[in-house]
Amino acid sequence: MELFGLYNYWVYTVLLMIGFYAVIAKPNLIKKLIGLSIFQSAVFLLFITMGKVRGGTAPIFQAGVEDQVFSNPLPQVLILTAIVVGISTTALGLGIVVRIKEEYGSIEEHEIQELDRQ
Amino acid sequence: MTVLFGVFLLTLIVITALAIVQTQHLFVAVILAGIFSLLIAVIFFLLDAADVALTEAAIGAGISTMLFLAALTLTAEYERSGSANRLLALGVVAVTTLIMIYATFDKPRLGDPAAPVQQHVAPWYLEHTPEAIGIPNVVTAVLASFRGYDTLGEVSVILTAGIGVLFLFGAKPRRQSGPQRIAPHEPGRGLRHYLIPRVVGQLLIPFILLFGLYVQFHGDYGPGGGFQAGAIVAAAFILYALLEGEAQILRVLPQRLLTGLIAGGALLYGAVGVAGILLGGSFLDYSVLAANPITGQHIGILLIEAGVGITVTGVLISVFHALAARGSV
Amino acid sequence: MSLLLHVSSWVLLSLGGAFVFIGGVGVLRMPNLYTRMHAASLTDSMGAALIIAGVMLQAGPSLAAIKLAAILLFLLLTSPTATNALASAALLAGLRPEEDTSSPEECGE
Amino acid sequence: MYYVVIIATLATMILALVRALLGPSVYDRVLAANMFGTKTVLLLAVIAFLYGRPDFLDLALAYTLINFIGVLAILEFIRRRAPSSAADHDTGS
């Protein structure tokens, strides 16, 4: 299994870059937000991967079971809150996009810039 | 063997992500994003992060999909193709990917117990949770007690985002206000013409709420806590809004009450911290809340988790309502 | 007795796995939406019930068995309901059952 | 023995994913997503036992409920989009 020891990190990299590509190359604002959430998920994956300990289990003590190996609880705490913060910021982004649509009639980046230049 | 399952699922995740970026139909992208979220939640579960998997399931696969869909009905369904800098972007992304993959070769292998991350504070938390906090779930202990400041900050961010959305949609009255007041018997409001989903949905809502409360208060002993419970309770109310229409949910939960919930949860959190000062401890030190420090910790964690849950519920319902009500006018 | 439980749980789990897989093949291979739905829902509820029953036998009388029963109950309530809503939505949107939509062009608009 | 079920579920997941990617209609994708959710529930229930932590069945329960709400939400918004997307073309350009 040593072969796959870095696979999680590779997937993290690829996901991060897929999200990044959507953010920089897609003109559609909603698509950018979806790309941003993929980007976020990639970061979550990185943190949770780092916290895993071989042969470990989730860091919740079980009654009557001694000498368990636990995975690292700290990245889990950070990511748990980050997911909820992520959805809040995404919601704010969606709110802004909807307002842009109401004002400009479009959510395509270049059309908005076109309208701004007039 | 579970490593192989993980590798398989991660490959599926990459395929899904590629499809999400590739498709022009935004509805399809959102549905695929839901699948993506389910997959990543299973990965979290395989990597021993039960609490995170629960959060991701409730937030990523549930609430996030609904918010995106609500926003899509207000904007456009298709993305128009044609990006000038596509090749440049591809080049940047390819080069960065290669550099980052090269960089991963210096990282410790998956699950290495000697990795630097495992050496610093985590063993301390695992060792001291039973005696200092006295609850089995170390994640909750770290979240609510050891790192209570962090969580207070996160709650403030959520609070701010909620206020931001309410401002965005509340500052200006709707363009077509007046005659288009939400009419409760307007045909096609909500899913009311689908009889079976409606009956089953209404049957399920109390159980979802009950399950949400279980997740909220069982968070000390198993996966759960305020963040997850807030999302589940919000999902139950969103289901109610879907079944009965936005007007009905406003009758059950007026916007003023929602705003009160958003602020009240964060206030409760802060008040627990201040109570710690008044009783002679420091900010967010729960040990002084009761004669026995461990009981004090239990009370403190219970209260602040309740505060977190209330704020998260309020923010998520308000955001969904703000988006969905605009769409149905 | 425990051997009997073990064997029956094994049989249930394997049968459930087979059902789930057959449902998956049906969803991929059937010619149009309604037949796919048929494949998915029929084997979904059957496969889920068998697998969860198999796991329940492993769990024995405990809290886990009650939770599994709750999961099964909710699955059996929600899965057909979702399928029903999906079918009526597709029908209302004008997707006809007799059409063959296995060809790749986008439809259902 | 749990591995048999896990492998069958994973194989079904890939089939459902292919259906979700192929479409052709939005409803096919919703069907695939719903099926995917059910498979996730089964997978989680079995893995919880494989890991010997049956207390994690809470997760599977949460998935069941959230999945149902998700599918209903998708259907509702697909139904809602019809008039709003028609209005798009009037104000859009």
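Here the chain labels run A, B, C and D in written order, and each chain numbers its own residues starting at 1.
Convention: a contact is a pair of C-beta atoms (placed from the backbone, for glycine too) under 8 Å apart; a residue touches a chain by one contact, two chains touch by 3 or more.
Note that the structure is a prediction, hence the values are computed from the model and not measured.
Participant: Average the CA atoms of each chain to get its centre, and name the chain whose centre is farthest from that of chain A.
Facilitator: Chain centre farthest from chain A's centre: C.
Participant: Centre to centre, by mean C-alpha position, how many angstrom separate chain A and chain B?
Facilitator: 12
Participant: How many angstrom lie between the CA centroids of chain B and chain D, rounded to a whole number?
Facilitator: 18
Participant: Compute the distance, rounded to whole Å, between the mean C-alpha positions of chain B and chain C.
Facilitator: So the centroids are 28 Å from each other.
Participant: Find every residue in chain B that makes contact with two or more other chains and list them.
Facilitator: Touching at least two other chains: 25, 30, 50, 70, 72, 74, 76, 191, 197, 201, 204, 207, 222-223.
Participant: Could you pull out the residues of chain D that touch at least 2 other chains?
Facilitator: 13, 23, 26, 30, 32, 53, 55-56, 58, 61, 65, 67-68, 72, 75, 78-79, 92
Participant: Counting only residues that touch at least two other chains, what does the list for chain C look like?
Facilitator: Answer for chain C, listing residues that touch two or more other chains: 74, 78, 81-82, 85, 89, 106.
Participant: Go through the chains and record each pair that touches.
Facilitator: All touching pairs, sorted by chain label, are A-B, A-D, B-C, B-D, C-D.
Participant: Which positions of chain D touch chain B when the two form their complex?
Facilitator: 3, 6, 10, 13-14, 17, 20-21, 23, 26, 29-30, 32-33, 36-37, 40, 43-44, 47, 50, 53, 55-56, 58-59, 61-63, 65-70, 72-81, 84-85, 88, 92
Participant: Report the residues of chain C in contact with chain D in the complex, numbered from low to high.
Facilitator: 9-10, 13-14, 16-18, 20-21, 23-25, 27-28, 33, 36-37, 40, 44, 47-48, 51-52, 54-55, 58-59, 62-64, 67-68, 70-71, 74-75, 78-79, 81-83, 85-86, 89-90, 92-93, 95, 101-108
Participant: Which chain A residues qualify as touching chain D in the complex?
Facilitator: 57-58, 60, 62, 105-106
Participant: Inside the complex, what are the residues of chain A that reach chain B?
Facilitator: Per the stated touch rule, the residues are 1-2, 4-11, 13-22, 24-31, 33-35, 37-38, 41, 44-45, 48-63, 69-92, 94-99, 101-102, 106-108, 110.
Participant: Residues of chain D touching chain A in their complex?
Facilitator: It comes out as residues 51, 53, 55-56, 91-93.
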